[in-house]
Amino acid sequence: MENIDSTSRRTFIAGSILAGLAVGCSNKKDPFTQSAEETVASSGEKVKLLSVDGEIVEVDIAYLKPIPHLPPVSIDESRIGIEGKKFVMVVDLARCKNLRKCQASCDHMHHIHSEQNWLKVYPMKEAEHTAPYWQPTQCMHCDEPPCVKVCPVDATFKRKDGIVLIDNQRCIGCRFCMAACPYSSRVFNWQESDYVEDPNIHVAYSPETSVPQKRGTVGKCDFCPDMYREGKLPHCVQACPNGVFLFGDMNEDSVTNGAETFRFSELIKDKAGYRLMEDLGTKPSVYYLPPVSRNFKFEDGMENEAPGETISSHTK
Amino acid sequence: MEKLTLSPEKITADLVPQAFGKRGMIWTGCLLVLCAIGLVAYIRQVTKGLVVTNMRDYVSWGIYISNFVFFVAISLVGSLITAVFRLADVHWSTPLTRIAEIIAVSAIVFASLIIIVDMGRPERFYFLLLFGRIQSPIMWDVIVISTYFVISLLLLYLPLLPDIKILLEQKGIGVDRFQKLYRFLGSFWKGLDIQEKMNNKAVTLLCVTIIPVAFSIHTVTSWLFATTYRPGWDSTNFGAYFISGAFLVGAGGVVVAMYVFRHVYKLEKYITEMHFDRMGKIVVMLALLYLYFNVNEYLVPAFKMKTSEEAHLMQLFTGEYAAMFWFAIFTGMLIPIAIMIFKKGRKPLPMFVAGIMVVVGAWFKRYLIVTPTLLHPFLPMHNVPASYHHYFPSWEEWAIAIGSLAGAMLVITFFARILPIIPIHETIIEQHETAE
Amino acid sequence: MKQPNNYKLFFAFIIVLCSFSAIAQDEKPKPKLLLELGYHLSNNKIPFVSVYTKSKNERKFIPVPNIAVKIYLTQEADANLLGTVKTNNEGRAIVSFPPSVQALWDTATQFTIVGTTDASKDYRSISSETSATKAKINIDTVLVDGARNILVTVTKKQGKDWVPAKDIETKITVKRSIGNLSVSDAETYTTDSAGQATVEFKRIGIPGDEKGNITLVARTEDNEFVGNLSIEKTVPWGSNFVNQGIDFNRRTLFATRDKAPWWLLFLAGSIFIGVWSVIIYLVRQIIKMRKLGNT
């Protein structure tokens, strides 16, 4: 058996194989269990397989094929969101080394320029004597989003599952949402995206994927709901080698970075998790774990900084 | 000063629109050129995208928005001069009402145009009607501005009707080519008693209605900023602060227009030194009021120096924008007050200079409200190109902004060319009443 | 001496072979295709083989799609063929055990799965294998000192019997939609000499479905002895599902346009209607005046 680079990958791959066997939806069940009939549409055609005891059993053929890539969700569905979920992200600041693999992955998968990162890693230092640390920041998907309040045409909206999305076919480019967001998480597409679409594959536009970005509209982190529908974690979560990002569902009380899974409520309580700018009343969905017992020194992250970037003390 | 009684014929002859002289042609030509350059710049912007401006992700609102606020501010003047004075039964302001109204209408039209220019997707403008969200301050602004435009137009039109009748009876190069237009506008006006009664009632009703609407256009525009969390914008003071600023810049604008029309059309008998004197006193009062609001707006946060606001305030007082800030304060308020507090300073020429200073100072003040705040987000500006840390408008932005100002002035110029800039009928009536 | 000579001969043979293949190949060396096989037992019942084709690009693995792979049981022979599959866009495929190998499978205790690919224009042909012992995993719940515990038993086939498999690392988790949550503090639990691992269920009150049911999953992951075993059990140990998400239908300032708050609709509506009634009245007055003048 080939050796993979890390156990974490192994765990995730094993899980995703089983996940890939079911029709992409919320509950990923082992297709060979009885309950799988609820999630996988049985074709009616059965095939004979061997069981571990050497008996012949019949299983519906639909369970055998890995399900192909799902088409993107319609705009109406993407405005409502995934039932029963409340997505939440936990960022462990003690592990961040400013490698910016998260940023590179997000930029690459969404075909956005490095000038308009949806995910930024800030060097933070609140006061003269407080500790410096690296803070990856993206859209907070607030429960009382100021950006959604001010949008004049319903181009940005809050879904049932907590995700705040942007419909680039509706946005008129007034940029009020950018002025209203206190977390500076929105960027504007000042010019045409240089993404070249494959002429053979026509993928209908969906706010969940938002590729390519449209000129004259606003863009921001979307918590990758299209990835979730395929049973995968957002790109930033997968890309981070230090496991800084933990993504999950508050209704299931569990967050994971692929390798480790934690009980969300316990994690926040044990490590004194907090949210940014709590006093503004935006009720963000991204929690931060304080940079205590750091894995890396702050200075270790300086090697990734572009030359000429200044680090100045700044407020939360 | 003894006021000479003028005969209706004389009044009419003086106030009827005249053809452009050489100066008028040059003036109109220059404005047209500026508009054309603005149009070219806009075409560039529409084809390439807003990347041709120097707005970027941090300073996402720039000179277009500050121009928009400036236009909305100036358009408030219509309600001040026309409505408030009419309702207060003030008669000396009658010659100024139409100037005020045309400035108001022209400014509000260009406010809407410059907002469309600022949109990333102007072709989706109608989405505001189809998909508009009533929860958004922008929707409030759209509704209120449209309402104000209609009301201002009515307030311009109704008192114009008696004058149309007079124009239809005139002959001369000034009015001949527009006879068809006059007939379209108001040939039904026969000066009947009942028409006059209805008209007067309607105008009074308009004046009453326009005051709250005028208050709301600038209050709602100020809420585009005050409903956000940003330092410099997160202020409960904004509604009153903006409105007092609007009255000031509107009054200043009227003073400038008064002087220009008086000079160009030789209207010394109608826009007299008394008018300048009285407007001067009003402008001083409004400037002091605006100064009061400025003190509230800057001194109080400076006393507290909250961390989030500190960088912003220091930037205005002593930093990158200090020159512009103090220029706006001095030129926009302090020096004009100093000029106009003295009787000698309220003569036409000093008033004209003070008026220009007020308007220019106000334009920079609006710029200072929009841009510096955006350079101080809560989280540091990081992982972005160096150009994002500053903002100076590109040539396209300047061209379009100047083009819009030129366009507004062009509308006013054309209006004065076609229709009497001072109400003829009302002036005749006033003269009659004072003579008896 | 014989040995150095053998070495020299062997070396020479290698050089000749390499130069042959160098001539035979294109100028650019073909990227190395890697084939990863895994033996899985799903829910203690259905065995299958997972296939993953990938290649290495600058220290990262990238999946290679559309590779035809033949999977055999024990050895590469037609009678032992389990199936031929083509890996999908993500380089993955699964192969289950067809009835044709029933006799072979029945007698197997320790077995090897062999996978081969054919040479294509992009890649050389490769083969890979994985071996495992037939094993089963069971999950049960017990009460120990009044606390809920989970008992996992792993057994492997020896001859015709199933005997306890010791020192097998198992993961005992609560099933979640992404990333299963371990039932206690440790990540893995090793079976003892009786092939059993017991762990206390520490996730008290973890949300389940509407009735409070949760699914426990016990599995081994890429174990060198038993491969990937997994089994699930539903228990009513969770708390009832409560949706902590937003009330999508509530009228708020940040809801969609059809759900504006009543007070706002009332305020904006009454102002709008008030002012525009005046405007409409005035326009009608103008029309009236027009009529009066034109008669």
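When the chains are written out, they are named A, B and C in that same order, and each has its own residue count from 1.
Operating definition for what follows: a contact is a pair of C-beta atoms (placed from the backbone, for glycine too) under 8 Å apart; a residue touches a chain by one contact, two chains touch by 3 or more.
Computed from a prediction, not measured in an experiment: that's the story for all the values here.
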**Fill in**
With centres defined as the mean of Cα atoms, the chain at greatest distance from chain C is chain B
**Request:** With contacts defined as at the top, give the pair, A-C or B-C, that has more of them.
**Result:** A-C
**Fill in**
Closest to the centroid of all CA atoms, by its own CA mean, is chain A
**Complete:** Separation of the C-alpha centres, chain A versus chain B, in whole Å, is 48
**Request:** Could you tell me the distance, in whole angstrom, between the mean C-alpha positions of chain A and chain C?
**Result:** 17
**Prompt:** Between chain B and chain C, what's the gap in Å when you average each chain's C-alpha atoms?
**Reply:** 65
**Asked** Which residues belonging to chain B are in contact with no fewer than two other chains?
**Response** 131-133, 135
**Complete:** chain C touches at least 2 other chains through residues 253-257
**Fill in**
Each of the following residues of chain A touches two or more other chains, namely 149, 154
**Asked** Inside the complex, what are the residues of chain B that reach chain C?
**Response** 131-135, 140, 143, 147, 150-151, 154, 157-158, 161, 187-190, 192, 194-195, 198-199, 201-202, 205-206, 209, 212-213, 216
**Request:** Would you tell me which residues of chain C are touching chain B in their complex?
**Result:** 253-257, 260-261, 264-265, 268, 271-272, 275-276, 278-279, 281-283, 285-286, 288-294
**Asked** Given the complex with chain A, which residues does chain B contribute to the contact?
**Response** 48-51, 53, 55-58, 60-61, 118-122, 124-125, 127-128, 131-133, 135-139, 142, 224-225, 227-230, 307-308, 374, 377-386
**Message:** So in the complex, the part of chain A that touches chain B is made up of which residues?
**Reply:** 103, 115-117, 120-124, 137, 146, 149-154, 170-176, 178-180, 182-184, 186-192, 215-218, 277, 280, 308-309, 312, 314-316
**Asked** For chain A, which residues are in contact with chain C within the complex?
**Response** 1-2, 4-5, 10-11, 13-15, 17-18, 20-21, 26-28, 30-33, 48-52, 54, 56-57, 59, 64, 66, 68-69, 79-80, 84-86, 143-145, 148-149, 154, 157-162, 228, 231-233, 247-258, 260-263
